[in-house]
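Shared between the two complexes below is chain A, which has chain B as its partner in the first and chain C in the second.
And then the complex of A and B:
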């Protein structure tokens, strides 16, 4: 509480702990092709936050209700390596929510055309598994994870596949890319007191009252939302949070290169 | 036992006593007390040390000394073939345990009663030899954390393919169609003592002796790389 009051005094003057403006991200850096074992991979740095994402492809049987669609899955590991606050063991609420926000952004924006992942209807489809692992957790994991997932999808290439034998040769990558139709970007806007800010430090996250993750595509339309925190938001607040997210997504899109 | 007389060539053309290229770096995880990256060929290990810190659950605490805990984990996309299900396996449990045993002899945690030192080892990509790379990274991370240590620990896998003693097997060699023995060893470079030793496959007693000699020689080389990396953190250009 003490720290929060202190923080609010400074936010009033438009200053944050590390000297940034309220709507300013830390330095973003995206590195492609960081794991030879994965079909696609990327490391995203947002300030001191560092996240690695890998994409693995496999051929599976489709679900009965989507017989002509490939499968898409997002998983997040908040590794105990990345923060003293994370412990080994099964995924926590935080980790599951993170994975599901990233998943919905990709799924609902139709970034991957799942119909194009179909090999033989009702029998064989490609499954795309996106695994997000934190390397150093220093705030704003959601935006970094979503950006990393998109980067890893862009980096992915199909492995060689023999339809007759139904066998994948993971040692041989083709130059065929995934059917990526658009680029969903997640921007989380945080509310502390009466102030809205982006890309929080862990101290700012701890002091926050609410957050709203807004995933947008290039034309500015919104593909998914997630409100977090237990403080209610007014409709006007939601509108200005969405507006800020649309603006900031343009910067993040540039960072993808 | 029959052995082929044909001249054995390593799939990637290396000499029998030649490792894949090694790179090492210290201080790669900012939140950790100590951390290191060790890469040998396409196998990359990252280790982070947290502690000495409060140890929970409390019944694990030892009032005489601190406890070391190691956690070996392959990232889901780091396997050679299909995705690895996250959440640990019998294999990762065992490797965590032997890693702990390999590192414990160099540590002195007498000054940290009731505390725990946690070592987390993660792999973004692998091509055989991951437990050895993990041990190399972990011992550097422990040194980087400033813990009292008697020595570093260096590790490498040696192998016996049809009677040919080679060092640092890659996946193609582990899966070689013939008689293959895979022998991961960890050694204390200053005393030459062995802190991890496993073998999968068949070897003669003499071959095993030769393999351990090669392992010892290679661990000395790895030790030099580890020392350079640790000093590199404090280098001023």
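And then the complex of A and C:
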């Protein structure tokens, strides 16, 4: 409690533990095409936080209820090397939530037109697997992971595919891109005491009362929301959090290059 | 009998597995081990010779508790008759009731009145067993619960540099930033002051750790502080006595 009060003293003065302003992101850097074995990949740095994302494409049988749609999957791995708080073993709540927030942002903004992933209705569709892997967890994994997933999707190219033989040659990449319709950007706004901030440090995440992840597309419309933390949020607070997220998404969109 | 041979000099930097000496004429000490005839390094460090005894001064790795170290710990659990303390090393420590206070504590007393989970304490390592069970004590000058402030974890091997000769470095930072600073042997630094001054202090300490190998660091830091902590009101609030 004493530690949190000390942090509130900072926030009251409008600065953070590392000297940033409340609505200021750390330096963001996106590096494309970092893996040869993935169809698309990216490494995202947000300050000391580092995340690698890979996109893998495969031809699979569609689900029965979406016979003319491709599949989209997001999986997140919180590797033990990236933080002393992460242990090996089955995925934790944090890991599952991270994957689901990234997934929902891409799915609900219809960033990927799944109909265009269909090869033959009811038989063959492209399946897009997005794998998020933390290399260093120093706060704000959600925004970094969502940014990385989008960067990897932008980077992805179809591998050569022979329909007759039903064989993919992963060694040969075509220059055909994924059907990316828009760019969903996730910005998580955190609430500590009465203050709203973005891009938290681990200490700030631990002290936070609530958070709201807002995924928006370029025109500012909201694609998905995810609330976390123990404390409730008032309507006014949600309003200003969404407003801040839309504002900050513009910066992240620029960082994507 | 094989002839004894020394492969390294005093203050050489060695890597794990490196052969330091061959023969039974030398004795392995801290940070080294015997492998057949030779003595090898088990850590990255500087060689230190004491007659026939070879030991290493580590240059990297986690903090390992040592008897007599004054460290800054974090209370992580309240036990039946004591507290568990995170020492920022692989081994946690136990603070027993008897070592925590000289007050009389009745049975069934609420121990969180004295220390609660999340409290940051300045404490002393009183014993480390061969199984790495660590005991700490609050009996001694300056050992106490630390009030509102923030903690910063630095490489424990940089602690001597952060403190400086006779505390010269840390008192220089204190003078320039007006912050209270305490440095534990385990690499935990506790500071308390005005938010913007604390930020400068953190930057200064991170700088020292990044450039700790440079000679004339004190003068360099002096210039840096004069430039970056110009507008700080240097009157430091007195530390409250317990």
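Heads up, the rule we're going with is that the second predicted complex is superposed on the first by the 257 of 257 C-alpha atoms of A that agree within 3 Å, B and C clash if a C-alpha of one lies under 4 Å from a C-alpha of the other, contacts with A are read in each partner's own complex, and residues count from 1 in each chain.
The criterion applied here is as follows: contacts are C-beta pairs under 8 Å (C-beta built on N, C-alpha and C of every residue); 3 or more make two chains touch, one makes a residue touch a chain.
Please read all numbers here as calculations on a predicted model, not as lab measurements.
Asks: Where does A:94 make contact in the superposed view: on chain B (first), on chain C (second), on both, or on neither?
Replies: Neither chain B nor chain C is touched by A:94.
Asks: Count the residues of chain A touched by chain B and by chain C, then name the partner with the higher count.
Replies: For chain A, the partner with the higher number of touched residues is B.
Asks: Once chain A of both complexes is superposed, is A:71 in touch with chain B (first), chain C (second), both, or neither?
Replies: Neither chain B nor chain C is touched by A:71.
Asks: Once the shared chain is lined up, is A:1 touching chain B (first), chain C (second), both, or neither of them?
Replies: second
Asks: What is the contact status of A:24 with respect to chain B (first) and chain C (second): first, second, both, or neither?
Replies: A:24: touches no partner chain.
Asks: Taking the superposition as given, does A:55 touch the first partner, chain B, the second, chain C, both, or neither?
Replies: first
Asks: Applying the document's definition of touch, where does A:35 land relative to chain B and chain C: first, second, both, or neither?
Replies: A:35 contacts chain B only, not chain C.
Asks: If you stack the two complexes on chain A, which partner ends up touching A:13: first (chain B), second (chain C), both, or neither?
Replies: The answer is second: A:13 touches chain C but not chain B.
Asks: Can you check the complex and tell me which residues of chain A touch chain C?
Replies: So the residues of chain A in touch with chain C come to 1-3, 5-7, 9-10, 13, 15, 17-19, 203.
Asks: Note which residues of chain B are touching chain A in the complex, please.
Replies: On the chain B side, the touching residues are 29-32, 42, 46-48, 50, 53, 71, 73, 75-83, 86-87, 118, 120, 122, 124-127.
Asks: Could you pull out which chain A residues touch chain B in their complex?
Replies: Residue list for chain A touching chain B: 34-39, 41, 48, 50, 52, 54-56, 58, 75, 77, 79-84, 88, 90, 129, 131, 133, 135-138, 168, 170.
Asks: Can you list the residues on chain C that touch chain A in the complex?
Replies: 118-120, 147-150, 192, 195-196, 199, 202-203
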